[in-house]
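Chain IDs A, B and C follow the sequence of writing; residue 1 opens each chain.
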Amino acid sequence: MPLLSQEIATQVREYLADLTSPVRLVMFTQEFECEFCAETRQLVEEVAQLSDQVSAEIYNFVTDRQKADELGIDKIPAIAVLGAQDYGVRFYGIPAGYEFSSLIQAIRTVSAGWPELLSPEGVRRVSQITSPVHIQVFVTPTCPYCPQAVVLAHQMAVASPMVRADMVEATEFPHLALKYQVMGVPRTVINEKIHIEGAAPESMVLAKLEEALAGSKA
Amino acid sequence: MFQFSPGAKRYEVLIIGGGPAGATAALYTARAGLSTLVIDKGLTAGALGTTSRIVNYPGVPGPISGAELVRLMRDQAASFGAEFVNDKALRAELTGEEKKVWGGQGVYLGQAVIIATGAMGRARFVPGEERLLGRGVSYCATCDGAFFRGRQVAVAGNNDEAVEEALTLTRFASRVHFLSPTPELHASPHLAEELHSHALVSFYPAARLQEVIGAETVEAVRFTSAGQEQVIPVEGVFIYLQGNMPVTDFLDGQLPTSEGGCLLVDSNFQTAIPGVFAAGDVLCKHLKQAVIAAAEGAQVAMAVDRYLHGREKLRPDWSK
Amino acid sequence: MFEFKLTAPGQGSAPSGAEEQLYDLIVLGGGPAGLTAAIYAGRARLKTLVLTGYLPGGQPANTDVVENFPAFPDGVSGPELAQRLQQHAQRFGARLELDEAVGVDFSARPFVIRTPKATYQGKTVIIAAGAVPRRLGVSGEERFFGRGVSSCATCGGFFYRDKEVVVVGGGDSALAEGLFLTRFARLVTIIHRRDELRATKIYRERALAHPKIRFLLSTVVEEILGDQTVSGVRVRNVKTGQVSTIQADGVFVYVGMQPQTELFAGQLALDAQGYIISDRRQRTSVPGVFVAGDVQDPLYRQIVVAAGTGAIAAMEAEKFLGEYPDVSV
C-alpha cells in the first residue's frame, strides 16, 4: 500500500520533472525503537520513484555507524538530502503532513545547488558567514506555517557551506522538544541559543543569524 | 497524511481576503479571463462571515447568514475559474513587476495584488501574550496541540476557527476552557453544538481575556466573565480574538496608511505601489455594508484589468 | 418576458390626501441603484416612494443573463433580478409606482416631484434615473437587444468564445471592449463610420496590431440580420456606397451613453456630458438631493456598483433626515 496517493505522486512527478542534477536521499533507519522509521523509509523510496534524478540510499543507524558519523546524523529517522555536494540539508522525523512540501522543495533546491527562494540580499549576507551555524527548525506535521521556516533554513544551508539546517519533528523527539522548550511550532533554534517563534520573514532570520554569530565571537 | 503544495504558482491577480470585496473582485477578474487566486482564512473569518442575519443585500431578501452570502459570492467567482486557497497571508513583497505573497502554505506570485483583508484585526496584545508567545501562547492548535497532552488549556474567541481549534485541542488537553468574548458563539450551529456538548470543554460566555500569567511559561489566564474576575490555571492559551483594526500587519509598513491604520488608495483603488490595489473595509472609507464592499470589489477589479492591459486609468467615453 | 406586478403597500390608486403624498424619501428610477436605495431606506423605516418609470428594472431588465451580480452563482436573468429587487424593496415597505417624474422643483422644501398622475413631496430625493446606451437606430437592433445585440462586452463577452462578433464605434470604449472581446471571440470586427478612429493612441495601436481584430472604417451598419439569433450585419461603405454583409454572432454597440438628466438641468450641477456631479457620499449640489447609479457614473456602469451607490445614497438620506428633521415644514 503506497503512502503517496496517485494524485500527489502525479503532482510531485510534474514538479520534479525539470531537475537537471542528481539528488540522493540518504536515509538512516533501524528496525526497532523507532516509531516512524519504516514509514520514512517507504516515503523516501516512493519519492525516488518519481524522478530519474532522485535516488534513495538506506543505511542502518547502528551497523552503518561510520556513514552516519560522516554525515553528522545523530538520531533517526533521518534523511540527508545530498546533491553535487553535501549542503547540510537534513530531515529528522518523518516529513509528513505539511512537511512533505519541504522535502520536495529541498530536493529541487539541492538539485539546482542554488537557493532560488532566497533574496539576492539574503544570498549575499549568508554567503559572507565565516563560522559554523546550525539551524534547527522544530515542527509538527499538522502545522501549515512550519514549511516556510524549514524551507528558509534549508535555503540558507544551500547558500553557505558554513550553514547546516535540520527539520526536527517535535513529537518524535520529545526529549529535544523538552530540551529546547518547544511549546509551539515552528520554533527555530540557531546555534543552541537563539530562538525564533513562528514563521519569521527572511530579513528577521538573517538578523537573528548574525546575532548568533556576533554572540559567539564575543 | 501527505500534503503537497507545489512551490510558487503564478497568477495574474492575487486577492488577499475573500469577503464581499475580495470575492466580487475575483468574480470580475476571473470573468475577464485573468488567472485569479484568492487567499483567505475561511468563510467566517471576516466581518460579513460572522454576521448571522443579513436582510439588506439587494435581491437576496433572506434572512441569510453572512457566511452563506459569502459562499454564494465565492461559488460564483469559482464558476468563472477563480481559485481559492485556505491560507493566511503572512508577509508580502510588493515592489517590482512580480508581487510575492507568503502564506503559511507557500508563496504565491501575481502580477497584481488586491488587498481586501477587511478590518477585523486586533489592535493590541493582552498583557503577557507577546512575552509568552511560544511559551504556551499559540495561535494554531493544529500545530501545537500535541505539546499540551494531558494539560489544561484556554481558548479565546467565538468564530468557526476558534471553535474548530478548541475541538482539536480536546484530543490532547485534559480540559479546554473556552472564553467567548460574546454571550453567544458566532459560529456555525453544528460547531457550536459540538462545542457546547463536549465533556472536556468549559464554556465561559461574555469572557474578556485580561492577562496571560506566567514567569517562564504560561501558568494561568485572568479574565472577567459576567462581571466576575477569574483566574484559571492553564499551561496553554490559544487566541483567536478579533478586533476592528484594518488587517495590514503582513505588509510590514510597505504601504502608506492613515492614522487609524487604513490603507490609502487613489481614485482607481491603487495604493502607492503600482499594481497593488485595495478595496473594502481595509480602506475604512465606506459604510460597512456587503453591497458597498462588493461594489468596490467590482471597481477595483476593473481597475486591475486595465492596469494589466496597459491602460493607466479608467476614462469616461463621450464618443458618439 | 418580464412581468411587473404591484403586490405591496401602495397598490391601487394614488392616495389623495396631501399628508399621504409627503414622503421621507422619493427615489426617481427603478433600476438596481434606485431599488437598493429603497431597500435600505425601507429597512431604516423611512416612508419611501419609488417612481420606477414605465419600464421598471433599469438596464438589467434588458439583459438576458446577469452573471456578474455577486451572490448569484448560477447567474440570474435580468428580468428576474429586477423583480427580486422590486419585491425586496416592497417587503421593507417601499411603495413602488409605475410612474415617471415630468417635473421637479428642488428649490422648494419639501422637494416637489410631478408626474402625469400626481404631485408628490419628498423631504429627500435620490435620483437614480440611469443612463441609456445610445442606439444605432437600425432595423433589427430592438428585436435582438439583449439577445445578441448588447452594449456591454464585460457583461456578455464570455458567451462568444470562438465566435465572431462586431463592435460598432470608434472611441475608447469601442476599442477597449473590442480588445476585451478578443479574449473570447475568434474574430472581432470593429465598424466605424469615419475614416479614422477617435480612440486614444494606446487603444488604436493595440487594436490595430491585434491579430484577432479587423477594422471596417468609413462604414455604417444599416441592419442587424438574423432569424432566431443574430447572424450578421448589413453594412454600407459611406465613400463607395458599396453594401455588404458581415457574419457575426454578436453585435456590441458603443456609440456612447446618455445619462437621463434633462429634467434636472438648471437645478443640479451637471458635468459637460450631462452626468450629475456628486461627492463620495452621493450628495449633489442641492442638500437633501442624492444621486446613485449610472446617472452619475460614466466609468463603471455595473449593476453591483450602482447598487452600492444606492445603499450609500439611502444611508446618507437617512443621516440627512436625522440632522434636519424639520426640512419639510
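Just so it is clear, a residue touches a chain if its C-beta (ideal position, glycine included) is under 8 Å from a C-beta of that chain, and two chains touch if they have at least 3 such contacts.
The shown structure was predicted, so the numbers you read here are calculated from the model rather than taken from an experiment.
The central chain here, found by comparing per-chain C-alpha centres with the mean of all protein C-alpha atoms, is B. Counted by C-beta pairs in contact, the busier of A-B and B-C is B-C.
Rounded to whole angstrom, the centroid-to-centroid distance between chain A and chain C, based on C-alpha atoms, equals 60 Å. With centres taken as mean Cα positions, chain B sits 30 Å from chain A.
With centres defined as mean CA coordinates, chain C is found 35 Å away from chain B.
In chain A, no residue touches two or more other chains. Listing the residues of chain B that touch chain C in their complex gives 20, 23-24, 27-28, 31-33, 55-61, 69, 72-73, 75-76, 79-80, 285-287, 289, 291-292, 294-299, 302, 309-311, 314-320. On the chain C side of its complex with chain B, the touching residues are 32, 35-36, 39-40, 43, 67-73, 76, 81, 84-85, 87-88, 91-92, 134, 154, 158, 169-174, 176, 179-180, 183-184, 198-200, 202-203, 206, 254-257, 273, 280, 298-300, 302, 304-312, 315. Residues 1-8, 87, 90-91, 102, 104-107, 133-138, 140, 142-148, 217, 236, 252 of chain B touch chain A in their complex. Only residues 3-5, 8, 11-12, 14-15, 43, 96-98, 100-101, 104-105, 108, 117, 140-148, 170-171, 177, 181-187, 195, 197-199, 201 of chain A touch chain B when the two sit together in their complex.
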